[in-house]
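There are structures below to look over.
Across the two complexes that follow, chain A remains constant while its partner is chain B and subsequently chain C.
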Partner chain A sequence: MKLFPINRKAQHMTETIAVLFIFFVLVAFGLIFYFKWHEGAIKEEQTQARASRAMDTTLRVLFLPELMCTRGDAVPEDNCVDMMKVRSLIGQDIPTIPPNPAPILDPSQSYFMRNQQYYYDVFGVAKVVLHNLDNSENIVLYDKSLSPDPTKQIIYEPTYFIVALRDIDDSTHQSKYGFGYLEVGVYGEVIQ
Partner chain B sequence: MVIPHHKKSRTHQNSKGQVELVFNWMYILIAGGVILLFFVGIVMRQKDISEQQLGDQVIHILQSIFTGSGVSENTKNFIDTSGLQHYEFEFSCTDGVSRFGIVGQGGTVEDTVQPIFSPERLQTPRLILWSLPYKLPYKVTDFLFVTSQNTQYAIFGEDEFAAEFVKATGGDSSKPVDPAASPAPASSSSNSNKELSFNVKSYDDDQYEDIDIGKQYQIRIVDIGGLQISPDKEVPISLKNTPDIKATAVVISADHSTATFYRKRANLWKQWSDPIPIISITPDDEKDAAAYAAIFAGSPELYICNMQKAFARIPYVTKIYAGENIASAQPGGKLNMLIDSYPDLSECRNAYTKSDPNIIQTLQTHFIASLACIQEIKATSTIGSCTTLIQTASELNTMNSDTLVSQGCTTLY
Partner chain C sequence: MTTFFDKRKGNLRGQMEIMGLVVIVILISLGMLFMVKFAIDDDPAKKIFTRKGLAYSTVSAVMKNTIEDSTCFAPGITTRPIAIGSELFDDCSLYIANKPDDAAESGAGFSLYQCQGEHSCRFLRDHITLNLQNTLGTWNKKYTFESSLYSPNNPNQQKLTLFTINGVKGGCTAKATNKDSSGIYPLSNLQGGEVQNILYICE
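Here is the complex of A and B:
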């Protein structure tokens, strides 16, 4: 005589439930692993896309007809920014009589920002700053960031390029050159 | 016959056990099948997603390559796409927005800034990218020509423009490039020179019937002077079996002022467009980017739409040179700075402001002409009124390169 009579049906059901439980645990592990991997892959893709966008934007800025040093019909000067064009871009084309100070530069009023309906397609969400090493002036030519989102962190990745700054000497009317660097950065966002 | 009770019960149990066994197996089969289908579904879905992602990645990588090639002027790039030769790329453009994607896959890249002139479709182991600056009269943008080594350009015409085009593209009058040849690495020199060139072949006027598409993917006949292609003329014999979409022609007028597109329909050349003005003021020693664009553009729509992008840029660039109120002849921008750098009664100041014509006037006319041109394209998709830009740009160029230079004044651009 058995001490504890076994209900075979109940035992069978318990086994089935245990097997199903283990199966679903394994599936859940698989899904968690997959989604973690997928999340990582998406972040990696976003980083790559941002890097690619940064390169595209930088190239566009370096060869922008609105900034570059042209020489009539000849080939333009590489890695050179025409300072007269830059002053035109930031609204300093109206002469200031010394010692009157130059107007304060408001980035939102730069030419590219005022004509955003066109230049957004050129630069996208990015920032373009010209740093003049001769007078330590930082000229923000374009700055369009992403809309703030509390669930996402905005990141900014700048790249720098040394450029020559061509200007005109008012007394001799000859070209004179200075040094500066262009900061071209793109904005991106990551989920917090 | 009477079956004993204990035997009856065992028989009943046996048949019950058999049914249960069959049921268990069926249950296992169905459950296994469902689980298998579930995983097969996931695999298939992942396969589709991966293909879509790969397609998107390819497009975005190519877009980056296009951007890099497009901005640095006067550069030619030969891109090894042998790994992508099963993909067919398609290019289209409407209302100033060009699209580029892979045939049969949803994802496309749109662009409203960079003018890209290409055939409507490309399938190739090697892409060719060539950028040329578009100046009207100052640099407005860079044109990017996209083509392939298995797209043959058959050139008719014996003027300087034809010779210049054949020379610039490394064309050959002997033998078209074999498209089956696998691309050589860019570093290998002499043997690869042939492969690192466009598939351009020049023909004499009496060689019309000698045109042979061979193994090429498509052919574009470029008739400079208009002696070969005319409406309803029969296509060369060798092209009769070529699919209609793979044989097109463009006639550049003898004075290079217009381009007329033709396409093959039932073994005849059918006019695809009215003569489209070529808006350029290229000096003799420079390549005519707008005319070259007509050669590389696969259709009149692609040509006009991408030219629209270039025209749309003109007012923006002009305002940098002339200020934002140039429409009302109020100088600003770089021009204003140049004016202020000279004393009141100097010759240079006079050339900028008062002489007839002067730079302010000419820039004003040019700016207004560019706005009218854009307006017309938006309204009618034609560029007839843009011809005014040729005149205004020429005047501006003369003033900048001749008048200002001869008087020792600083040039505007």
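Here is the complex of A and C:
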């Protein structure tokens, strides 16, 4: 006679419980993994949406008739910003030799900010800065950020495009092309 | 002695075990799929757009750029400012044979245009290097700018490299991944040759 008789039914039940336990542990791991991945995917989607907006805004700025160089009967020159238009848009004459350090002009003076209602539809929440490398001048053309929210972190994603800066040579009155770049950044927010 | 029903019971248990194995295999496969999805780091559209657009806009701006340097002169030519694309590249391609060796300290050698006492090719290389360093270099981009001449005078129609510029962070080798180019920016010279400029930007 055995001291502890083997109850086959009980053994089978223990096995089933063990298998079910392992199965649910695996399912739980799967769920945790999925939710973590989903959280990351949402953030990734937000990043891609911001990147897509950055591309759209950059293209709009590059082909904006208010800034673009033109020849003859308004034939556009790509990757070129007309400095005479820029000077007119920011509402003041930029000195040929700027003081050192170069001033960052007040964006509220810019034509784009004075007509913010219209340009908000064009640029949205973004910042457009023209950097002139020949005289280290930075001209903020448009800057509309998001209203601060303590629960959210504001992210700024800049895109750079190198452009030729057309101007008129003071002595020869001929066109000259400087070297600079456009910084087009979009604002986004993430929950902290 | 095993009966027919005992045998059937054993078969059922075997089938259940196989089902269990199938479930485990499916779970492992799903896990592997997720891992593969994370492992493949695809290049986002924005990065490609930025690299391509940036490369194209850079070459375009470099070619439009003009020089106002008072040390730049050419006999009989009084026009100012001097255009890089239409004047200096043309001159460089015509007088490439006189270009001093890259390793030589003195950059002088005969070319119609002389800037800062240097051969036009040498001046162009230095000027473009500086502009690219101040932009792409400060944004930590790797790049290679190549300027080559295809001349009808050359019987083999082989290209002659005018100069090559690599970024401070490194250039773009043929094997470099995530590489985009500006596309060829051609300029024709006075002897019917063609100067081809191209900029590669890579990660």
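Here is the rule we use: the second predicted complex is superposed on the first by the 140 of 192 C-alpha atoms of A that agree within 3 Å, B and C clash if a C-alpha of one lies under 4 Å from a C-alpha of the other, contacts with A are read in each partner's own complex, and residues count from 1 in each chain.
We take it that a residue touches a chain if its C-beta (ideal position, glycine included) is under 8 Å from a C-beta of that chain, and two chains touch if they have at least 3 such contacts.
Predicted model only: the values in this text are computed from it and were never measured.
Visitor: Based on the superposition on chain A, does the combination of chain B and chain C result in a clash or a fit?
Guide: After superposition on chain A, which the two structures share, chain B sits beside chain C with no clash.
Visitor: Just to be sure I read the superposition right, which of the two partners does A:M113 touch: chain B = first, chain C = second, or both, or neither?
Guide: neither
Visitor: Just checking: does A:I90 make contact with chain B only, chain C only, both, or neither of them? Give me first, second, both or neither.
Guide: Touch partners of A:I90: none, neither chain B nor chain C.
Visitor: Regarding the shared-chain residue A:N79, is it in contact with chain B (first), chain C (second), both, or neither?
Guide: second
Visitor: Check the residue A:Y160 against both partner chains and state whether it touches chain B (first), chain C (second), both, or neither.
Guide: Second partner only, chain C.
Visitor: Scan A:L130 for contacts with chain B and chain C and give back first, second, both or neither.
Guide: neither
Visitor: Is A:M55 touching the first partner chain B, the second partner chain C, both, or neither of them?
Guide: A:M55: touches chain B and chain C.
Visitor: Which partner does A:L141 contact after superposing on A: first (chain B), second (chain C), both, neither?
Guide: A:L141 contacts neither chain B nor chain C.
Visitor: Answer with first, second, both or neither: which of chain B and chain C does A:H173 touch in the superposed model?
Guide: In the superposition, A:H173 touches chain B alone.
Visitor: Scan A:V122 for contacts with chain B and chain C and give back first, second, both or neither.
Guide: first
Visitor: Give me, in Å and rounded to a whole number, the least C-alpha distance separating chain B from chain C in the superposition.
Guide: 11
Visitor: Which parts of chain A are touched by chain B and by chain C alike?
Guide: Overlap of chain B and chain C footprints on chain A: residues 52, 55, 62.
Visitor: Would you tell me which residues of chain C are touching chain A in their complex?
Guide: Spelled out, the residues of chain C in touch with chain A are 20, 23, 27, 30, 34, 44-46, 49-50, 53-54, 56-58, 60-62, 64-66, 68, 79-81, 83, 131, 134-135, 139.
Visitor: Which chain B residues qualify as touching chain A in the complex?
Guide: My answer: residues 60-61, 63-64, 67-68, 71-74, 111-113, 135, 138-142, 283, 285-286, 312-313, 316-317, 319-321, 323, 332-334, 336-338, 340-342, 400-401, 405, 409-411, 413.
Visitor: Which positions of chain A touch chain B when the two form their complex?
Guide: Touching chain B from chain A are residues 49, 52, 55-56, 59-60, 62-63, 65-66, 68, 70, 72-73, 75-76, 82, 84-85, 87-89, 93-95, 111, 115, 118-119, 121-122, 168, 170, 173.
Visitor: What residues of chain A sit close enough to touch chain C in their complex?
Guide: Chain A residues touching chain C: 19, 23, 26, 30, 33, 37, 48, 51-52, 54-55, 58, 62, 77-80, 133, 159-164, 166, 169, 171-172, 174-181.
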